[in-house]
Amino acid sequence: MTEGKLFKKVLVANRGEIAIRVFRALSEMGIGSVGVYSEADRLSAHLKYADEAYLIGGAAPSESYLNIERIIATAKKAGCEAIHPGYGFLAESHEFAKACEDAGLVFIGPSPESIKAMGFKTKAKKIMKDSGVPVIPGCLAGVTDIQQAEKLAAEIGYPIMLKASAGGGGKGMRIVRSREELDQAFRTARSEAESYFGNPEIFIEKLIERPRHIEVQILADNHGNVIHLGERECSIQRRYQKLIEESPSPAIDSETRKQIGAAAVLAAKAANYRNAGTVEFIMDQKGNFYFLEMNTRLQVEHPVTEFVTGIDIVINQIKIAAGRRLEYTQDEISWRGSAIECRIYAEDPMNDFLPSLGRIKRVRNPEGPWVRVENYVYSGYEVPVYYDPLIAKVITWGADRKSAIARMRRALSEYIIEGIETTIPFHMWVMRDPHFLAGDFDTSYIDRHYVGDSRRKRRKTPPEVAVIAACISAIESQPQKKDGHSRSRWRDVSRREAARSWAR
Amino acid sequence: MIYYARLKDSEHEVEVDRSGDTYRVVIDGKPYVVDAKLLDGPTTMSLIVDNKCYEVAVTNSGSVMHVATGGEEFEIELKSQLEYHRKASAGDEPEGTSEEIKAPMPGVVVSVEVTEGQVIEPSAPVVIVEAMKMQNEISSLSGGRVKSVLVKPGDVVDSRQTLVVIDRA
Amino acid sequence: MTEGKLFKKVLVANRGEIAIRVFRALSEMGIGSVGVYSEADRLSAHLKYADEAYLIGGAAPSESYLNIERIIATAKKAGCEAIHPGYGFLAESHEFAKACEDAGLVFIGPSPESIKAMGFKTKAKKIMKDSGVPVIPGCLAGVTDIQQAEKLAAEIGYPIMLKASAGGGGKGMRIVRSREELDQAFRTARSEAESYFGNPEIFIEKLIERPRHIEVQILADNHGNVIHLGERECSIQRRYQKLIEESPSPAIDSETRKQIGAAAVLAAKAANYRNAGTVEFIMDQKGNFYFLEMNTRLQVEHPVTEFVTGIDIVINQIKIAAGRRLEYTQDEISWRGSAIECRIYAEDPMNDFLPSLGRIKRVRNPEGPWVRVENYVYSGYEVPVYYDPLIAKVITWGADRKSAIARMRRALSEYIIEGIETTIPFHMWVMRDPHFLAGDFDTSYIDRHYVGDSRRKRRKTPPEVAVIAACISAIESQPQKKDGHSRSRWRDVSRREAARSWAR
Amino acid sequence: MIYYARLKDSEHEVEVDRSGDTYRVVIDGKPYVVDAKLLDGPTTMSLIVDNKCYEVAVTNSGSVMHVATGGEEFEIELKSQLEYHRKASAGDEPEGTSEEIKAPMPGVVVSVEVTEGQVIEPSAPVVIVEAMKMQNEISSLSGGRVKSVLVKPGDVVDSRQTLVVIDRA
């Protein structure tokens, strides 16, 4: 691939809104697009936006969207030169990136080595620390006895967190707020670590209370150039699932912005990174930030960065993968206004965000100035049970944060999805909540402030309107009366034309 | 025409008369003038009520009408005058002696936690159903003896499909 | 109205996409919106975006959207403080602006005096010339004898245009390319002017050959502040109807941009203008520009300016009308990238742009990054015959003109309107035409380059696909066979739930 | 099943067989494997032909099927084998002796340029119809004597509504 030459045809190994996002970029670049679909996705809208569509297997992800062999065979068969993985599924699989390389296909993303290195969270933190990227104090120091623990805790300063070295999922974790609590907590954590993981080693790290989740978008080409596109504020989460993102963060001033951007570029260089990626940080209440992990792929929330920078991240991913040099230097990146994204999940925010599945009876998307919708569902579509519940994203831009939020309120009020419950009412609540409007929130925001129960009114339609509609529908559905009045009215308006029978 | 409409937490007497596209509707004595245009048969319509325009879809499952408008859905049980009085005199049905535990959403059965004949407590989990990468415990309300188990791990179940039947304690 | 206080409720005296545009702005500002509709517009989508909707009269514009008395009475009845006129209908009626004032309502636009002054084209040019805004040489000089004509023509330089002072519509117009042609042409023009208009006076003006149509958006507050938001290129027209607009113009360099912007601000000040307005210029092949007229209202094509400047023109209109000062100085206005608008008319571009009316069977709007659709039609909507054939606008933005055009191609390829013909295929042709891509065009572009006839292929669906669909539909519509196979299949997929009869 | 499909400027012989969601279609000897899912009865469907996905709506007016996909509309006259052969042996209809001048689009009649009994030339304008602020002259193709005038100024006319009938010269 000579520098400058783009691909003729690219396969997108994904489904739903992100597949459509990539197809759109390919279409704008004049590159042919190949879509794939599982047996459960025959009627998914992403097929309609691809130049070609291939069935790759059963409904279960392992049989289709995670089926490396099948995807690569399809790409070869269709004559593709490259594969874009989207996010999720195989996007952070170093095996897949390697398999693409081995098959002579360009993987639109970082090298298998970078993916692998960043995939091991402890290893990633070690690389970052060695390169001078700030990491949470203590996080890499395993201790086995109380004397070591005491010494380290004193260095770091309380409160601290004890974690099983081999652990995960909260087991063996203890918060320690003072020297007095340490002995007892250390003993318990140690014995839990032993019993759950067979390894009593404990990590001690600084406890970051009520942190914010801030991430930085970076772009790196194959020629050693790395730039960042500013930060995204992603603190509105529940169960580690982001719900609302924005750029810029209301908690970051221009000096911190410069520092965190520089740290992200340093991190990308340390990871020997190429293509688009995201460096995630946690930030304490004082504005200190620490490397958390690196996402070696396109993020769900990339549109907020696109809106404020005017840079198309997906098109840049494809150009970088084709060997092109970055088109911008850091100095050429500028930020305008404020953008915000609300993720629309097929979940019921009045019922503990339980999945709400079924057939979507009607969809009307928001439109108009500075509103972007990334969506793949349509009236009559049945959301399949096998995949992620994200059905759409609404992104708005405004000259400032207040305008972006006002526009989001307007967009959400236009958004109609009937037949299933969605997170739209949750977002409408947040967009009027004084804490959110003041920028005063952290990752505990939803637990602290949001009470979603079925008594809360979802929207504002008076129930009388529904009663009226039900009664009129009942009257108009009556069988024909003797004067023929009801029936003829029904016929007047029913314009649906059925195909006549042609058979003989 | 007089109807009785029951919503989740209210019940209303409704009188409806039509002349042309205009309906006179009186709900619990309060009158509304409604301009209604049917868009696609009687199930989709544009209403103007109190100078506000609504697009409404009405569907029907069993004895309940689902009225969707503005992204919100109302469940309304509608009875004619005759039905209403017939029902009122018949009184309530007795509570059943068995509980059908149904799937609250479509999904894939991950595991079944009970076996036939087993006696379980109220709120005991009976089946775990996975939908969209989330696992959800489905529990018995009443508790009792498991009469029949109708699903097995790997089954794809529809919303409201019966999973397990319990003989009430 | 004290400075700063906004309105509680505003009536929008318009229909279709522009009414929706204004409702959206009002919604974002937290202002109540009141819509009006004619008997032909009961099912127009604009009703759904207003907080309240009032029937104001019959289908004919004179009975409804031009009915000043009725509109003002409705505004008073609904408790509105102001009226936004949109474009078209009463937007440039000084009588309407005056009637609003008299009724104690704020007209969201310029003063009745400014509207009136700019409405008389010759008077407008005179005001501009007196204020130093460039006008076409000679345009205001009426002559009655050949000696005067000769002298003036020599001053201006050939080619020139002779026009009846009292004329219009091309009658009595003559192009004169040299001194030799003048005597004969002058005699003919004079006698035509006499016979058509009863006045033999002739205007002589410089002929601008193959001009471009360039206009400049301005904003002026009630406190004497005027700024411009840059130019729009509007040369792609037919029968004086614009079809494609873009900003910036590919024909304007930064020096000319500065000059034409300054001229527009000068023009607005000369007209004692307030609120949003547009100064139209024609520009010759050398880059000389001349004042043509001033549009004292919001333009159809305002979104291209919004996209490149990040400034919401409609929100600014409303703030200005409420007495607020401009929020920006000229130095604070910056331009980013390039935006382009395609107007979607219900016209058949393969059949001389004849109106194509009827029921729209299906609509799918384009979506995704940097695509904005302003639209009011929907699947099942019957476009009424009484009003403007503009049914939608597609606006795209790109970091440069090439990207904006590539994105427009993508957006148009997503756009599906079935049931009527539209200008979409015309726009698809333009977006691939080398002259357009090179920026090499003027107001004669469509006549010179576009050949739209029914032999041209509209899209790219192979006819075999249509044949296949017809045959499958025919097979599936067959009456039930003995084995019941066909019928049951039909039922499987037909999920439409009809309301049962409740009547007894 | 064998059909004969006539488009604007071509005619095709089509053979169709179904098994499940898959159809084997042979058009003029060329085979296609088609994956078809009916979405809303047989009139709306999703097709995958040669690995390209199409959403198609089929409607029907008189003897012609209208197939809309991707914003494009095809008119197809479809005949079964039996119909096709019956028609072929019957031959073409003779040309009529009168011309019905129809409105090419819906609109409002601005003026009627002819009166009954008047003899007009071919291409003479007979009615002016305004639609969306544009006036359109509707002309006679053949010319002849005006037999009847069916509209008057101010009338709202539908597409294909007959405006004037001419006895051919």
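A, B, C and D are the chain letters, set down in written order, and residue numbers restart from 1 in every chain.
Basically, a residue touches a chain if its C-beta (ideal position, glycine included) is under 8 Å from a C-beta of that chain, and two chains touch if they have at least 3 such contacts.
Small disclaimer: the values here were computed from a predicted structure and weren't measured.
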Which of A-B and A-D has more C-beta contact pairs: A-B
- request: Averaged over CA atoms, how far is the centre of subunit B from the centre of subunit C? Could you give it in whole Å?
  value: 49
- request: Please compute the C-alpha centroid of subunit C, do the same for subunit D, then give the distance between them in whole Å.
  value: 33
Statement: Among subunit C residues, those touching two or more other chains are 380, 473-475, 477, 495, 498-500, 502-503
- request: Could you tell me which residues belong to subunit D and also touch two or more other chains?
  value: 1, 3, 37, 39-43, 58-59, 65, 78
- line: Contacting chain pairs, sorted by label, are A-B, A-C, A-D, B-C, C-D
Message: For the complex, give me every residue of subunit D touching subunit A.
response: 1, 3, 35, 37, 39-43, 46, 48, 51-53, 55, 58-61, 65, 78-80, 82-83
Subunit B-touching residues of subunit A, taken from the complex the two chains share: 346, 354-358, 361-362, 385-389, 415-419, 424, 458-461, 463-477, 489-490, 493-496
Query: What does subunit D use to touch subunit C in their complex?
result: 1, 3, 5, 7, 10, 12, 14, 16, 18, 23, 25, 27, 32, 34, 36-43, 45, 47, 49, 54, 56-59, 65, 67-74, 76, 78, 104-108, 130-134, 136, 156, 159
- request: Over in the complex, which subunit C residues touch subunit A? Could you list them?
  value: 20-21, 24, 27-30, 49, 303, 306, 310-312, 334, 336-337, 359, 365, 367-375, 380, 397, 399, 403, 406-407, 409-410, 413-414, 473-475, 477-479, 495, 498-503
- request: Within their complex, state which residues of subunit C touch subunit B.
  value: 42-43, 47-48, 50-54, 78, 380, 497-500, 502-504
